[in-house]
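Here the chain labels run A, B, C and D in written order, and each chain numbers its own residues starting at 1.
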Amino acid sequence: MDLFAQQLVNGLSLGALYALIAVGYTVVYGIVQLINFAHGEVFMVGAFGAYTTWILMGSPSHLSPGFAFGVVMPAMLLGGVVAAVGTALLMERFAYRPLRGAPRLAPLISAIGLSIALQEAVRLFYGRIPGFPDSRRAIPFPVIDGFTGRSWQVAGVTIQYSTAFTLIALLVCTTLLWWFVNRTRMGRAMQATSQDPDTSRLMGINVDRAIATAFAVGAALAAVAGMAHGLRYNNIDFQMGFMAGMKAFTAAVLGGIGNVNGAVVGGLVLGVVEAMATTYIPGQFGSSAWKDVWAFALLILVLVFRPQGLLGAKAVDRA
Amino acid sequence: MTALLSARDVTMKFGGLTAVNQVSLDVAPGEIVGLIGPNGAGKTTFFNCLTGMYQPTSGEVEFDGQLLPPKPRRVAMAGVARTFQNIRLFQNMTALENVMVGRYARTGTNAIDAVFRLPRHRREETETRRIAEEWLDFVGLGEAADLLSRNMPYGDQRRLEIARALALEPKLLLLDEPTAGMNPQETREAEELITRIRGLGMAILVIEHDMRFIFSLCDRVACLVRGAVLIDGAPETVQNDPRVIEAYIGTPVDVAPSADGEGDSDA
Amino acid sequence: MKRHLAAGVSGLLLVSLALTGCGQRNAPAAPSGGGEGKKVATIGVIAPLSGGLSAMGNGIRNSVELAVRQANETNAVPGWQFKFVAEDDQGSPDPGRNAATKLVADKTVVGVVGPLNSSVGQAMQPVFESAGIPLISPANTNPSLTRGADLANPVRPYKTYFRTCTTDDVQGPFAAKYLLDEGIKEVATIHDKKTYGQGLVAAFTEAFTKGGGTIVSAETINPDDKDFSAVISKVKATNPTLVYYGGEFPQAAPLSQQMKAAGLGVPLMGGDGIFDPNYIDLAGSASANDLATTVGAPAESLPSAAAFVTAYEAAGFSGGYGAYGIQAYDAGTALIEGLKVSLKDATDVESARAATVKAVGAVDFAGASGRVAFDEFGDNKTRTLTVFHVADGVWKAVRTEDFK
Amino acid sequence: MNDTGSLVTLAPDSSGPAPTGERWIRFAKPARWIAIAGAVGVLAAPFMAWAYRPDALDDVSFWGEPSPLQWFAFALGLLLLGCLVAPFVIKPRPGRRPRRLLAFNRGAKAAASGSLVYFAVASAAIVLELGGLVALEPGAWAGLAGALVATVATRALPEGHDPRLQFLNTPAWGQILGIVGAVALVLFAAAYGLGQDGASTFVTFGVLCGVGVYVAARVGVMGWLSAAAARNRRALVLAAFAVAFLFPMTQDGSDANMSIAVGVLIFAATAMGLNIVVGLAGLLDLGYIAFLGAGAFTAAILSRSAFATLGWSPPFPVVVLISGTVAAILGLIIGSPTLRVSGDYLAIVTLAFGEIFRITMNNLDGVDGPNLTRGSNGIPAIPDLELFGFDFGESHMILGVQIGRFANYYWLMLLVLALIILVFTNLNHSRIGRGWVAIREDERAAEAMGVNVFGLKLLAFAGGAFLAGIAGAVKAHVDVSVTPDQYIFMESAFLVAGIVLGGMGTVGGVLIGASILKLLPEKLRFFEDYRLLMFGVLLVVMMRFRPEGLMPDERRQLEFHADDDELAEEIGENIEAHVIPSLAGAPEPDLKGDDA
């Protein structure tokens, strides 16, 4: 039973990370019906942004908890968000916007190109900046004293601080997102645009800006996920976005792409499924080596039998 | 007289909205039936139910003594061809190629035939081309065979769409607003074309807003209002029915409260 | 401004005119350097010179070049001058095979050192076999490369293939023996399913259980995984006293770190794939007391290795010699030792190739890593291994011995 | 965006003289003489040394004895001079309208700027390799100066008329001779280019080839050639295959280039199979490499390798069929979601499927699953093929040329590629191909017309997969070992890129795309670390500016430019133009305006 509870915590924590990234896919898809394949790389850039901020602050280490929680971590988070949002906006402006009327193949291939180019750019050039570590291999994420490696023991279950951070971040971010989408002018503009861009434009809504905002919102959440990833796994590398992006996309589809709540639910479900599959599938196929297969098989099954996802969203019949 | 097409109590609901409500309609062989009704009455939705593009919430469609499955391809193969309200040609194919696609269901070349250029491929290919050219001539587009359909004038595109449907050799042709957007000259030509199609013995079910067109051409007219059949009868009967006029022009202001709440919410 | 430009251009023209050598095409080119009248034999290297493994690949390249340079300086084979050529395999079989065919097509190539990856080695073995040119790998650790499919009844598949490194089936048992000696009996194993990691764990498991130890849990991870929490929880439930990991440091370090964070506070042990300073950087303080086995004696304790390190540093290469530099240097030296025999009376390289393969198989010399000699399968006979552990943020040698 | 670049429109466009030409036209006479002087400079340059030391390019440090690259420069100079002098020599016969077969002024302009580019690239290569401007010898300066003078001077020449060579009634044997000559030239260029080891020599030669094609296009030769090719498709195909077949003969027994060539062919064959799925049926498959892998693993498991896990090794023709079938079954499985899923979703499903394949191959190692693939070790030591007593691993002497192992496989792959191209084109030009176009254009309308949408999509998946499986079966033997890490997502992305780069739905485009993607990295190894970065940027830029690829299918091009009505008109005219001559038998000489 302890093992079950522990795996549940593990799964929720991993799933929360997926969910934070998945929201980006879902928000962008909801508004322009584009699978932003490079979103995983935005997540990666967010993590590198947070790390860069730490270096620019003079690589502070051995901090008092107050300073660490009150200044360093918020600054890193902010740096990550700025980097990720900037990248996403540039992407949207120069790679996607010109392709808005093109066949759907074009933006998708463009997105694959962007994904590869971003990874390679970080691999080749980040480490060449004087004072920055070699980015061709994994970079250790800053150790925050009183946070990194710390955990609570609750009834035989280990809950790491980083797990708590990820879950709380997910809660806060989705609450803010809900508020933003439903309670602000820009949020309503986004909703209108996702319903019908042409009519929205006629009604005086700045559609370009609404779409850019969707990219920015998704990127901000991805950056939070990047920070959480760094804190949790203590290292970041240029390739971290690919698999995470794939899984997050799976989560978004699982929940019903275009539906923010769906992305959250899908992420959590996917995380838990992965953790449980590792433990509870008996025999050879229960090994951790198969968990990605189960995750992707789940994706295919959901797409085939319930294309609208668990929570349901827009019709999927878009060629 | 046995009906060629017989729709029974077809109902289509989208969520809470009933777009087509228990519509029953028969079309006899060789008959031209007009379907009229104000915008949003559910005419095209009903077409989509007939051709299997939508699966009706309830009700069934019988064609030529067989129940039609809700699969557009099976419907087409059974002998029902259609055109679309907003022309749906294969834009980047030539006129001839468009019509040749219409022959798809009537030919059987498979991958093996095609890869090895077996006799069946050669025979069917020649035949398909010949028949397609004939249908193009029939609708008066013989000269335009090698034009890209997207480069053709609007009226020609409508006629090409009809030729494509005819190439399927249907027993029943469904035309969705064949004269929409046409000038009077083109409308007259379309009318003439449809008369000639009837001459081939095909039954036609046509949606149209042009009343002159409908009442001069059709053997029978059905009027659909808010998803239900208001009246189904001879053109003269329908033409003079006050309810039809009311449905088009609207209810006089003083009687209004009885019908409110069910506005034209669908488009 | 314009005048300056004109002056500059005419100056350039003058200089270039002055420097012109009015040579004749087809005239025998004067050999550059001091090798007048010598015959040329080419020694090649194939290694990943670009991409993620380039640090190790360039270390191999430089180390072999050092060996070649030294041979030319000492005039190792009288009458022969060695030329050095390096090709990039990108760490992948396809380009590796292309590089191999390219070298083999060169009539002056007499032997090649490389490659780094076992999968690349597999792809180029037949190319060298059909050309009859020796290929000496400093880093292919997969046993089947020299012993064929059935390790119980080993048959050497390619007689032109040799290696100076030790195979996976030696490091694993050595680690098992060390642990059993230390009284550790309950171990969990995890590997990354790659050739190296899987082979290491398989060999370890066999020796460890035979010696009386218990494998309490055997798990695998994916090389692209970041989150090991599910596996760790599963392992933790079986209460091991140590986790033996087959794989490389980029996964091992986060694994060690996550183990400790998840409350599984036992050391992690691995092979030479985790013996890297980066492992300690990545895992941070969680790496304390983690263990690693490596092939050869620690460089600081072996005079021959120290000599190599000094020479390498003096040669002014960019980048270090990497994880396999010493073995690569020995591979290059083994080739040159063989050539001393085979080229002595040879008229040209092509006719000497068969003799070279034979001569390389018979070398026996003191290399940088210790004695180098090949057994009947082409494997290095010497099997000196060392156990290291992490203390105060660096790797420290714990025990070195010759393993039989 | 309107220069379509398709074969038929490669002929110079019909836009009038450039404004600059208009303004400077009164200097046309003196300009011609100045340009001739420049041409003489270009002609003289090859006889001088270009570089100070021999290591740059192919040793251009001699006086009076040009190296091949210098001879090429000489040829360019001759071309330039010829174009400039021709108007003096060729005078219309009195009383006849001028025939205006070739556009010499355009040719001169192209040759002049081409020479400039050539000398600039060559000089840059010398400077980079030898370090510094000092390394440039007078020859390089003379060439640069001559080309620059000619380039500037030719700007003042009038643009002139459109070349009309393509409307000339050439006898059939003349056309075929032209095609054979052109294809032979391609063979020579390929053999020569591949023979260049140095990256700079390779690039310089590549630039030369580009310049040559450009000049030929401007003069009007290209238009004639493509018209001839369009009319003699069979001759073109035969000539192309003959040349491809002869290619190993030019390699003088060396396997170095043949190994690369086999790699290119395998890649091209796989991409061609994918082209059925992407180019014809319009379904994006991001996991296609799995089918190649399925074929390769099947062939490896059924081979006589000591590591093969089944212990059953039927003869190779049977293995090929089994490999294809296994891949096709996987294709059916992955294609089945197309019933419910389309567009981007399908792409992601295929991507997920590709990952599942890779992980599964990794796991079927006896530990995490039944032992079939030996996991990450893969199956090494796959023996060479032996077909009808012919051992592919042995060298053979054919016509006095030694044909090595990779040349043997090259020929086998050539047959496989021919088969795949045959399947591709025959399917495309059939009822099935029409169905695919209809699905691409409007899936629901196609279905309403009775097109079996699901069946055709499945056919594309299964057929493409079958062909990839066959290619994989050969690849297993070429590579000797089959491991899961050769079949990763990046390879699928490369395949898609090969198609996108060349042009979806075309044979030539995919061949070009495959060659570029596989050949350039081999030849430009110094560039290696930036390869993936460039690749990613290339995809983005292509999608932005030329989504239809370098050599697009006309219909595909229209699909990517749905709003461009001008382009539609132009291509529409082209399509009519194809059709009319082929119906009328001979081209109409006055199809285009006199002096458009």
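Quick note on the criterion: contacts are C-beta pairs under 8 Å (C-beta built on N, C-alpha and C of every residue); 3 or more make two chains touch, one makes a residue touch a chain.
Fair warning: this is a prediction, and the values are worked out from it, not measured in the lab.
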Touching subunit A and also subunit C, the following chains: D
Whole-Å gap between the CA centroids of subunit B and subunit D: 46
Inter-centroid spacing, subunit C versus subunit B (mean Cα positions, whole Å): 74
Separation of mean Cα positions, subunit D and subunit C [Å, integer]: 38
Numbers and ranges of subunit B residues touching at least 2 other chains: none
Residue list for subunit A, restricted to those that touch at least two other chains: 242, 287, 289, 292
Junction residues of subunit C - those touching two or more other chains: 54, 193, 220, 222
Chains that touch, pairwise: A-C, A-D, B-D, C-D
Touch list for subunit C against partner subunit D, complex: 12-13, 15-17, 19-25, 29, 49-51, 54, 88, 90, 92-95, 97-98, 101-102, 104-105, 118-119, 122-123, 125-126, 130, 142, 144-145, 148-150, 155, 157, 193-195, 198-199, 220, 222
Subunit C-facing residues of subunit A, complex: 2-3, 6-7, 10-11, 13-14, 17, 136-138, 140, 143, 148-149, 151, 153, 158, 160, 162, 229, 232-235, 237, 239-240, 242-244, 274-275, 278-279, 287-289, 291-292
Residue numbers on subunit B that touch subunit D, as the complex places them: 51, 53, 72-73, 75-77, 81-82, 84, 88-94, 97, 100-107, 109-111, 113-117, 121, 124-125, 128, 146-148, 150-151, 164-165, 168
Sites on subunit D touched by subunit B in the complex: 422-423, 426-427, 430-435, 437-438, 441-442, 444-453, 459, 463, 555, 558-559, 562, 568-569, 571-572, 575-576, 579
Subunit D - residues contacting subunit C, complex: 49, 52, 54, 59, 61-63, 65, 67, 133-138, 141, 254-256, 258-260, 263, 305-307, 359, 362-363, 365, 367-368, 375-378, 380-381, 384, 393, 405-406, 479-481, 483, 485-486, 521-522, 525, 528-529
